[in-house]
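Chain IDs A, B, C and D follow the sequence of writing; residue 1 opens each chain.
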Amino acid sequence: MIRTLVVGFGQVAANFVVGLERLKSGELEPYGVPLAGYDFGVGVDEVEIVGAIDVDERKVGRDLASIVEGFYGFKNPPRALREVYIYRGLGGEWVKNIFPVRSEEWGESLARVEDLFSELRPDVVLDVTTTQSAPAFSSREELEKAVASGSAAPSQVYAYLALKASKRIGSLVYVNLNPTPVANAPAILELAEQCGCIVLGDDGATGATPLTADLLEHLRERNRRVYSIAQFNIGGNTDFLSLTDEKRSRAKEDTKSSIVKDILGYDAPHYIKPTGYLEPLGDKKFVAMHIWWESFNGAVDELVVIMRINDSPALAGLMVDLARIGWWLKSRGVKGTVYEVNAFYMKKPAPPGSRNVSRYRAYELLKEYLGVK
Amino acid sequence: MIRTLVVGFGQVAANFVVGLERLKSGELEPYGVPLAGYDFGVGVDEVEIVGAIDVDERKVGRDLASIVEGFYGFKNPPRALREVYIYRGLGGEWVKNIFPVRSEEWGESLARVEDLFSELRPDVVLDVTTTQSAPAFSSREELEKAVASGSAAPSQVYAYLALKASKRIGSLVYVNLNPTPVANAPAILELAEQCGCIVLGDDGATGATPLTADLLEHLRERNRRVYSIAQFNIGGNTDFLSLTDEKRSRAKEDTKSSIVKDILGYDAPHYIKPTGYLEPLGDKKFVAMHIWWESFNGAVDELVVIMRINDSPALAGLMVDLARIGWWLKSRGVKGTVYEVNAFYMKKPAPPGSRNVSRYRAYELLKEYLGVK
Amino acid sequence: MIRTLVVGFGQVAANFVVGLERLKSGELEPYGVPLAGYDFGVGVDEVEIVGAIDVDERKVGRDLASIVEGFYGFKNPPRALREVYIYRGLGGEWVKNIFPVRSEEWGESLARVEDLFSELRPDVVLDVTTTQSAPAFSSREELEKAVASGSAAPSQVYAYLALKASKRIGSLVYVNLNPTPVANAPAILELAEQCGCIVLGDDGATGATPLTADLLEHLRERNRRVYSIAQFNIGGNTDFLSLTDEKRSRAKEDTKSSIVKDILGYDAPHYIKPTGYLEPLGDKKFVAMHIWWESFNGAVDELVVIMRINDSPALAGLMVDLARIGWWLKSRGVKGTVYEVNAFYMKKPAPPGSRNVSRYRAYELLKEYLGVK
Amino acid sequence: MIRTLVVGFGQVAANFVVGLERLKSGELEPYGVPLAGYDFGVGVDEVEIVGAIDVDERKVGRDLASIVEGFYGFKNPPRALREVYIYRGLGGEWVKNIFPVRSEEWGESLARVEDLFSELRPDVVLDVTTTQSAPAFSSREELEKAVASGSAAPSQVYAYLALKASKRIGSLVYVNLNPTPVANAPAILELAEQCGCIVLGDDGATGATPLTADLLEHLRERNRRVYSIAQFNIGGNTDFLSLTDEKRSRAKEDTKSSIVKDILGYDAPHYIKPTGYLEPLGDKKFVAMHIWWESFNGAVDELVVIMRINDSPALAGLMVDLARIGWWLKSRGVKGTVYEVNAFYMKKPAPPGSRNVSRYRAYELLKEYLGVK
């Protein structure tokens, strides 16, 4: 059994737990789970949800079944979710403009959450909390000061506390799926190495970005000269709502834009942003992208991509793989981070300074690393 | 010097010769030439056009410069093109509804064109004649009977005669870029092996098809279940005009559709066709594509791709590589056909029975084969 | 009560009867019913379905509720539909390649259906049978000969028989919503005048065509010069399946294309067709359209329209209006046809020879005619 | 002769003067001039450019021919433009972050520009300066204070000074084509009435907004319920560059958004913004729009509109009409503003408080007002 803990029980997490249980009961085909067709020795049914952490007062203390039904409209939620609970997290003030949260003395929060990790004994922690912006702490001192003072982003604090708890409960894997620098924070990576843990991240690679990566690779392989790239994203879930905040949006923009130069080899002018919040669109965002380029003999071509895509299930599908891969890494005694895994699943693959490669290339690397074909 | 002969001097050929000369004179960046940035020992300036073959009476006997200017509007055509000429080909009756052609006794045609190959002594023949539909002859007898009687498609006849001429003029490379089965005709391949020649083909991989291949690969790698694929193409050049003929269109449809099952692994319902002719669009075709699929937890996503692309320059860019690669193969004494080359440059890669792989994969195979990275 | 009879109980009809009953019971807002917000004296609740006619053996003799549930997936169909039945029609052989039909001696068919009209005593007949291609009979003799011999299209025969029956049952309104020339057949119009009946048609104006009309009007009002128009349609309902037949498709293409010249004032090159059948798309078709033009000072602009639209409910919504308007016309003693109604609701507005105007203009005409604003 | 003065000699103005002269010399068809095909008694060749005003130091003092060639790449500019000059305007500090401008004492500026109007004696002033944000001054006192202190936006100051100069030079027409409230400022309108002048505005109706208006009208006429509207705009001209400034962008957003409620009758959730600046796109902006709605019987449809349009020529084409209409109004002694003209040509039609109607409706109103058909 892979004891799996979810941090941030929002739309992504809800899709993850519902989809996972429906997969385990055979109700659902494993569409959207990239490695579903490959056997690397860890099955989907080994993944077990042991709990979730959140700061939204409407969610804390309740069971997952009631939340996925009440908040996310999943009728007849899988029974297994009735016995898994949401525990109180920390750092609620970072999202107090979006969700109803409760205040607590910071020192108490830290102690309480560290204990929580010790009690829940996760093998894998999947962090899908709201995007926050914070520096990628380089030194252990800086990080610890920021954790103590409350200026580190919640995801960084959770990762820090989980790694700390690992001394008591054994090695674990922390997977950060939001844009906050966790696996890309040198101080956190160093800590992971020291305690024999693994940190994967950052920012789950779903939505338009991975497709853009592959489109750019397609153009590069034909040596076409890209004139410019414009990409708009608009959605109506609380993730988009949170990104109307300038600072959070900047964090996201950074992980999205880095692909252009990494893949093309030159920094083609681009505008790639989470652009707006429009409530009726819900979780199915609208994406429009324009790319144009020069081809042979001076010809100029144009490409427009339009998508209407369900944001959260896409990431949830990746989480099924990441829990399994996390376990695979842990059982092999890997520590630190693993580029070959991050390169496929993450928009900003750790370790810091790594290049984005096309998803095609990343997929090859991943399969090779896991020894499947 | 790579003595290069072009068969079918239409829009693709015009872009090829103009672009090539502009590249050689340093006027143009090699955008749209896939391997421009890789050194496999054969430079662009080694490619020399020694002649062209056509059946359009308005073109036969004239120099390339006058045609690219008069027919295709290239102002100030490169001087080098003034001294290269268009020779009379064979099989004009296959296109008599589109172009003004002249009749000739068939036996005379065969003899004349065979002599033409002997005189022009090409290293590489690039066939960009109008699409024709004919069987993929399996046995030598069948093929020779069809050549003799005039029922083989012109591209097949040209390939046959070129291979025959190779006995006098030495090994050559025949590259077929239209959908007619040439490299996919077992009888022609066998002949090539016997005379130490190389045949590459069929149907140059430009336009929407290679992109579709890579989009499907992208979906497959995430294990998404494709519900259906609709792809429309409409353009205003004589290539599209020729495809309003049902039989020719069928030939094209076949090479386009084979990617679906080859890449996805199942035959997702699809409608992929050269759909229509609309004169004002000229050589810059309009493409619209709709793909939708099931992702994780039952979510259904949609993707629309819109393109406005210059058909002919795209293929012309590939021809610059193919002439160079042809020479590279010839100088290494390769014979028959080469899947690793066809897989990237062709919609229906020979040898017959080969699978289409994603263009990403094909690109890796190609670079590995040529020993570049 | 407006006694309403539906001829052809397929996807459009199913949406019509379900939507109508849900409207009458207050379950549904009248979205998609153009005149819902205007009071011209005839309410939606006055429309009463008295029966339907079809030739599909799986449908004949059954009640509407069972068909809308079993064939079209409407759960809990309105109770009122349980007591309305489907009667056997005529001309099944026209669709025997698509639906299971039964043969009958033609003379018997004619007699039986005429009686059916007499028994059901409709005020309004709404014809939504499968598209058929036939001439727009000019003379009474021709028409009667074609009816007698079975060479007139079923819709023409139904209209003829209904008008004939009107002598016994009083004036009625025949609304033809498929592309077959009924209201555009001079012989049928003449008959209508003589018996004091009304014929409206042809081809319900839904889908991409009315929008195209209005886009062209938009361009015309700015005096932009349209270079070309390409429009593709693909869907997966039996209506699209039936259009894979070349002759039927031609009929549809004609009613679609006539708008270009009518609205722009010149025949801009265009390709506007029901293009293909792709089963998974179901009733929600995919449409892609490309228009480009010259604007001021030689500038060239481009517009692409992409739609994913539910074909059948759109037409069903118009039928709610047409039943009411039919009654309004009948009670005013109007006879023949009414351009002001057809111009808005039909792709090929009768009387024959009429011009298509933009839908905006048509909407004004319609409101003026009905005296609403 | 209609003495026409252009204020703000940027991309729009350049297209206007070049296009106008090419029209007058018969070199160009009047595409993009809405009323080109209607005769209301004022011909295109009556429009004469008497000068232009700008604050960009690189432009001031030079002739129009040199600017349209040097800045906007029009080869062989019409000779007539060699003898028309650019005069120094006022308020350069509002755009000092975008263009090189010079400072001057404010009182001097006011006096100088008032004299300029007196000398140039325009019949029509066309204001196409950079968008600025300022209040819609209600009282004469407020306005005059703001003009004196320099806190009124340049367009407001120009309008004020022109109206003042009219006492010396006779009635004139001030046409404001940017989003700054000029015709929508009650104080300016009042002044116009008093001095027998005309003010038209605000914000020229080109780009995606008028098309959106007409699409919404199309939906409304079918009583479809719009769920949401998302519209993105991105371009690479200095107009877009100027809109990266939050305040200017807000001004534009307001004039764009007002159409939703005005036309639909309810405020459907929307996101309609000039979104970004991307230099390589130049004057040909990229627009993507998503609209979805509920149709009959609960069906949900989707529409995507993609445009690649030349922003400036579109507005320039309207200016040809506005100069002629201005003269027509002046010769009839009209004063104040004219809704029937603004409703078609402006995004925010004056007088203040007016409703946006669909462009179709506006076009009818316009033609009726001018007595053409």
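We adopt the following convention: contacts are C-beta pairs under 8 Å (C-beta built on N, C-alpha and C of every residue); 3 or more make two chains touch, one makes a residue touch a chain.
For each chain, UniProt lists the protein as follows: A, B, C, D = Inositol-3-phosphate synthase.
This structure is a prediction, so every number in the text was calculated from the model and none was measured.
Q: Treat each pair of touching chains as one step and give the shortest count from subunit C (Inositol-3-phosphate synthase) to subunit D (Inositol-3-phosphate synthase).
A: The fewest steps needed to get from subunit C (Inositol-3-phosphate synthase) to subunit D (Inositol-3-phosphate synthase) is 1.
Q: Looking at where subunit A (Inositol-3-phosphate synthase) touches subunit B (Inositol-3-phosphate synthase), is over half of the residue numbers used by both copies, so same, or under half, so different?
A: Over half of the interface numbering overlaps between copies: same.
Q: Quick check on the interfaces: C-D is repeated by which of A-D, B-C or A-B, going by over half of contact pairs matching?
A: The same interface as C-D is formed by A-B.
Q: Hey, which chain ends up farthest from subunit A (Inositol-3-phosphate synthase), C-alpha centres compared?
A: C
Q: Centroid of subunit B (Inositol-3-phosphate synthase) to centroid of subunit C (Inositol-3-phosphate synthase), CA atoms only: how many Å?
A: 47
Q: Between subunit A (Inositol-3-phosphate synthase) and subunit B (Inositol-3-phosphate synthase), what distance separates the C-alpha centroids? Give it in angstrom.
A: Roughly 44 Å, centre to centre.
Q: Rounded to the nearest whole Å, what is the centre-to-centre distance of subunit A (Inositol-3-phosphate synthase) and subunit C (Inositol-3-phosphate synthase), using the mean of the C-alpha atoms as each centre?
A: 51
Q: Any chance you could list the residues of subunit B (Inositol-3-phosphate synthase) touching two or more other chains?
A: In subunit B (Inositol-3-phosphate synthase), residues 302, 304, 306, 308 touch at least two other chains, as defined above.
Q: Among line, ring, star, complete and other, which one matches the pattern of chain touches?
A: Graph shape here is a ring: one loop, exactly two partners per chain.
Q: Can you work out from the touch definition every pair of chains that touches here?
A: In this structure, the chains touch in these pairs: A-B, A-D, B-C, C-D.
Q: Please give the residue numbers of subunit B (Inositol-3-phosphate synthase) that touch subunit A (Inositol-3-phosphate synthase) in the complex, ascending.
A: 15, 18-19, 22, 28-37, 210-211, 214-215, 217-218, 221-225, 293-310, 313-314, 316-317, 320, 358-361, 363-364
Q: Can you list the subunit C (Inositol-3-phosphate synthase) residues touching subunit B (Inositol-3-phosphate synthase) in their complex?
A: Contacts found on subunit C (Inositol-3-phosphate synthase): 227-228, 230, 232, 234, 236, 269-271, 273, 275-281, 286, 288, 290, 292, 302, 304, 306, 308.
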